[in-house]
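Going by the order they are written in, the chains are A, B, C and D; count residues from 1 in each one.
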Amino acid sequence: MRFGSDNLHGVAPELLTALEASSKGFHGAYETDGFAQAIEASLSSIFEREVKVFIVATGTAANCLGLSVLIGPYDVVFCHGESHLFVDECAGLEAMSGGARLLGLPGAMGKIDAERLAREIRRFDPRHVHSPQRGAVTVSLPSEFGTLYRRDELEKIGEVAREAQIGFHMDGARFANAVVASGQTPSALTWRCGVDVLTFGVTKNGGLMGEVVVFFDPQKARDFAFRRKRFGHLLSKSWVAGAQLQAYLENDLWRKLAETANRANATLAQALRERDMGLVWPPEVNVSFVLMPRALFAHLRQMGLMAYEWTTYSLQPNAPIVPDDLCVVRLFCGFSTTDQHIGELIEAVDAYQGPVATIGEAERLWQQIDAAL
Amino acid sequence: MRFGSDNLHGVAPELLTALEASSKGFHGAYETDGFAQAIEASLSSIFEREVKVFIVATGTAANCLGLSVLIGPYDVVFCHGESHLFVDECAGLEAMSGGARLLGLPGAMGKIDAERLAREIRRFDPRHVHSPQRGAVTVSLPSEFGTLYRRDELEKIGEVAREAQIGFHMDGARFANAVVASGQTPSALTWRCGVDVLTFGVTKNGGLMGEVVVFFDPQKARDFAFRRKRFGHLLSKSWVAGAQLQAYLENDLWRKLAETANRANATLAQALRERDMGLVWPPEVNVSFVLMPRALFAHLRQMGLMAYEWTTYSLQPNAPIVPDDLCVVRLFCGFSTTDQHIGELIEAVDAYQGPVATIGEAERLWQQIDAAL
Amino acid sequence: MRFGSDNLHGVAPELLTALEASSKGFHGAYETDGFAQAIEASLSSIFEREVKVFIVATGTAANCLGLSVLIGPYDVVFCHGESHLFVDECAGLEAMSGGARLLGLPGAMGKIDAERLAREIRRFDPRHVHSPQRGAVTVSLPSEFGTLYRRDELEKIGEVAREAQIGFHMDGARFANAVVASGQTPSALTWRCGVDVLTFGVTKNGGLMGEVVVFFDPQKARDFAFRRKRFGHLLSKSWVAGAQLQAYLENDLWRKLAETANRANATLAQALRERDMGLVWPPEVNVSFVLMPRALFAHLRQMGLMAYEWTTYSLQPNAPIVPDDLCVVRLFCGFSTTDQHIGELIEAVDAYQGPVATIGEAERLWQQIDAAL
Amino acid sequence: MRFGSDNLHGVAPELLTALEASSKGFHGAYETDGFAQAIEASLSSIFEREVKVFIVATGTAANCLGLSVLIGPYDVVFCHGESHLFVDECAGLEAMSGGARLLGLPGAMGKIDAERLAREIRRFDPRHVHSPQRGAVTVSLPSEFGTLYRRDELEKIGEVAREAQIGFHMDGARFANAVVASGQTPSALTWRCGVDVLTFGVTKNGGLMGEVVVFFDPQKARDFAFRRKRFGHLLSKSWVAGAQLQAYLENDLWRKLAETANRANATLAQALRERDMGLVWPPEVNVSFVLMPRALFAHLRQMGLMAYEWTTYSLQPNAPIVPDDLCVVRLFCGFSTTDQHIGELIEAVDAYQGPVATIGEAERLWQQIDAAL
């Protein structure tokens, strides 16, 4: 019962087929393999705009390198305080930008609020040589809490960014899930809102490895190629990443994989709701955050559940928001989650005798968190 | 009427005399000049402990280099969100540490609260390779708002630091003013509370240039000498900084200069209070933050006042805390501020016909700021 | 006729089989997948010593991160002036070490000479705070010229490193080829000569992606895990790299793949010699550097040869070593080079009517290069 | 008998007078003090061109920050292998540029040869993303060996720089001595030869502290102000450096101080030649490198001489160039060296009974060094 993350899954069979098909014979190295241009053409079509793209090995590299060309080495990057960039990249942004500052903003449901952003930007005076300068804002779509920015929310942030003359980056590690869930076009969620560069996720959505950095204005890529190389992110057998990526983009496979994951999560969330179990943030994509008694979590783990207790900053026990006997558990569905997988989990839940944490309790928790922000 | 900062003042005459006395003849370079050991002995005596000291050109260098040896290159340094380190060093910490993260905490009266610090530290899991690691906490004494940490407040922070196994740094750009105002010994305010390294300020207190980085455990200095050199902060004619510093430390001159500045400010603050003018943060050292109508500020500037409107994050107009027609003005006294200087300023105030912002209004403002934190 | 590099080849089928076998179902991420320990055990066995290993995405990352934990941020790393580290990593070492200095040494046949190394080390005084400090030496085995260090040559370098108290790193991008060609054990070529850390190559020898950083003393790995993560080199679907690596190490597959490549090159070299064509550096592993008329190179390219003219520093036309009408062509064999491939190339050579550059000319060139060093 | 370096001297009395005159009263901080513009005007006049200038605390900072705005973070800076930048700045360039590469070239008499430079530049292919890029060349005038580039030599280097589209930096720590000795105008030695930025030395020529970074095209300064601040090199009491600098530039004082030092050295060199003592590099400015028996050096030190044995790379004992019983001693004159100082040293020499190393031996040594390069 593996619900810890969507990166625990295997690889979509279409990608392996493509890999195998390319694995004999020879290919140009360092993106002279033919796939690179095909992928750029595919993505230009998907985004309805001429884009410039680069493949790198990880999301950390994609985010940090993508941001590094939008900013100067003493600039501030504004992110959410519980974003992957802030929490899970071990100060990668500082390292790969020449010493930029990463400023984590609070925000309900894991999303940056445009007005709060504007306020934070004003802390740094562009005419003042003592001050770190205004560099870029980055949002995660979906957020690390599985929530989606509405289009108008993104547009407001894009407006703030434009007025402040800062870059607008998007961490789309699960971008496919967001596209599918929102029903919006990829362009509507990105460059039409002012996004300059996107980390287009692959690995979490059935991919083998790698993520794509997408620039919506090729000029803005600047010297990305050199920066990528010097931090060790130019793959020699680029055809490996390329072949899988081409298959990933063909026939809307990337959408279908995400749809499967989202639907599985919808099924799961529905089943949990039917049991009056509280979900903390609305399950909009492929993840559910479930409020449950610790005893239930222990029971589920004993029955084979692999999942993480969610203990992010918003829920720090210092502010006694989550009562001791409860915890928030993060359940991820992926491209290979089946009804059977969901069924096993629900059976394990039903085998638990004690009380659950109700929808009402979750709502109250949710409000307390927001109020504390 | 120069009240903009204490770094606008000249130089204490004793220091020039010392400089002149040393200016003929020859001296060893790079701290082989004889002054270095004398200064270390002086400071060891002042701090009642064997210390290891290094002179650098600026406070930015002192803070960032001092912190850099307490931490690893992917660590987090916790500071106040309106500290000099955060606001006025143009991401110097990130640059001189190999990419460490600077996290700015909110805190009433410009001071870090120990419990808040403990909460923030808990965001970063030391067993988790994805997470930036816990590096150090830094406090400013006095704070940038001219407020003093009480001894028990420092001890609590020291305790949190010790438990979390992080370094404890102190930005003492105006340390002399704090020592004199608090009536505490230098040791009581530093290593006895767990402080590992102090920026011992010189320039703002009548000095020519430079600040001293003081390590309370010589071992903790690690490879500071190399790091200082490679960032261009090893002075060749070190006797220049050394001669002034020796004079600065002799006969308690450093205390006397600070006392003059503090007393001048007390006089000023008293005169302002007598006119029911509101001071925002308690004037504990040599600076007063005065709430006044913009019209009064304009009048004073017209009459020759050189001072800055204080617009720090806590007072951002977005949160309409300071009404449009009011502003907070920062008034600094220095070692060469005389009663005559104060008199001129008060005369200019008295020449103003309109109403002032009262003590009551300032108190209300103060409460609003704290409530919003 | 793809002879440009060994990274143009596909992937050994055994690795794809292993990948496919693992591609369904679930795996732990970030090296909690079970493969990591198995690989460490395998390599410990291969190296006859308990090793600590880390997988990263590229050779650049492996080299730079591996070196970064052996040195301080202002240290000097000594390498060959035509090594991959110096020429082809876009200043990756400087970037991932906090600003270390990379010093490229000259050396005949692409190899560092121990006495020259000792002389270069002496330029940097360890007691002198002005001087960059002595950090590490790095050798490539095989060298970028396809030459092998003899065991006594490695031992001498190890001795120099030990005496100077600096680290000893080995870039083994083609380590398998060296092991097979030399007939030595992996341990004899590494830790028994004093090597601290090795980049154990995978991608160029039939692998999918990635290289392994091997520490021969687990303690020396220090905080590698954090540094790897913060530069974006911790793969989430680590089982992908892990599964291929396990298959790569099983049943001496890594040796067999290299043997195939080496043997193909021996066949090629022999055929060229039989035609009195001059090889510049002795073809000891899987690459031949052939001196030939430009006209012949053009002819071969016209007939479909994909290969690079070799124009490294030692051969710079400024020092008119290579006559205008000649050039050096680098021909790489890989794990999937067949007799048929070789045959096609030789046929194309034989179809050329004009004169070739003889073995005698190549020997003279070789001597000129060495004399100029 | 202090001949170790010109930074062992005191301070020119005119500068102290200027300092004292400014030391009472108030001054703007961070270069709002009025001196900054006056100094820029002075230097614009001296260089016959509108320049943009910045004061920093040390030569290391001046060189590294000045170069950092000419290049990208993965570029190569070409310098002489025995330059201050290479040997004595503890990898400051790597640190303050975001990881640029410093490549040290050999060159007779401490000077870079334009043809050698062109050859080295060709190692780095600008169209090749794997390669560190071509950034800048830097020369020291005078060189660290006290030798001067002739104007045509500088022009050739400027031409090579222009063709390769790289920056041209000059370390003028002793620029005054070079101007005076060469009889050339400051402009002839700098921008008229293509130099983009100069470290205009102050401290070694009777100054108190600091050096000036001079940009000959204000546009090329780019974001220097931010980079200076973030590395801690923006002085708050800038009037201190400013006041001394204004006096330094007034009435050609900077020329006179250098003239005194040069003349003293000429006197010294003449006296040594009269005693058939060999000088290794031509004493063109204020330093002489004297070949002498170790026994003589010991005798002189016993008699009070403070000077350094010169053991730079060109003279490494590995290449047995300097016989064991001889050594090269570096003797510096400064602005306050008098005939009496010289007299004392010559008397001490004359008190030595044994043989000296002759002019002939020095000439042979010189030739051997050049031949070995």
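Just so we're on the same page, contacts are C-beta pairs under 8 Å (C-beta built on N, C-alpha and C of every residue); 3 or more make two chains touch, one makes a residue touch a chain.
For clarity, every value in this text was computed on a predicted model and none was experimentally measured.
Engineer: Work out which chains are contact partners of both subunit C and subunit D.
Structural biologist: A, B
Engineer: Consider the two chain pairs B-C and A-B; indicate the one with the greater count of contacting C-beta pairs.
Structural biologist: Spelling it out, more C-beta pairs touch across A-B than across the other pair.
Engineer: Report the chain whose CA-based centre is farthest from the CA-based centre of subunit B.
Structural biologist: The most remote chain is C.
Engineer: Just the number, please: Cα centre separation of subunit A and subunit C in whole Å.
Structural biologist: Between these chains, centre-to-centre, one finds 36 Å.
Engineer: Report the inter-centroid distance (CA atoms only) between subunit B and subunit C in whole Å.
Structural biologist: 53
Engineer: Would you mind pulling out the distance in Å between where the CA atoms of subunit A average out and where those of subunit B do?
Structural biologist: 41
Engineer: Which residue numbers or ranges of subunit A touch two or more of the other chains?
Structural biologist: Where subunit A meets two or more other chains at a single residue, that happens at 73-74, 89-91, 95, 98-99, 129-130, 133, 226, 229-230, 234.
Engineer: Please output the residues of subunit B touching subunit C within their complex, sorted ascending.
Structural biologist: It comes out as residues 30, 72-74, 98-99, 129-130, 133, 223, 225-227, 229-230, 234.
Engineer: Of all residues in subunit A, which touch subunit B in the complex?
Structural biologist: Counting only subunit A, the residues touching subunit B are 73-76, 87-91, 94-95, 98-104, 115, 118-119, 122-123, 129-133, 313, 316, 318-319.
Engineer: Which residues of subunit D touch subunit B in the complex?
Structural biologist: 2, 4-5, 7-11, 13, 16, 19-20, 22-29, 56-62, 64-65, 89-92, 95-96, 203-204, 207-209, 226, 229-237, 240-241, 306, 336
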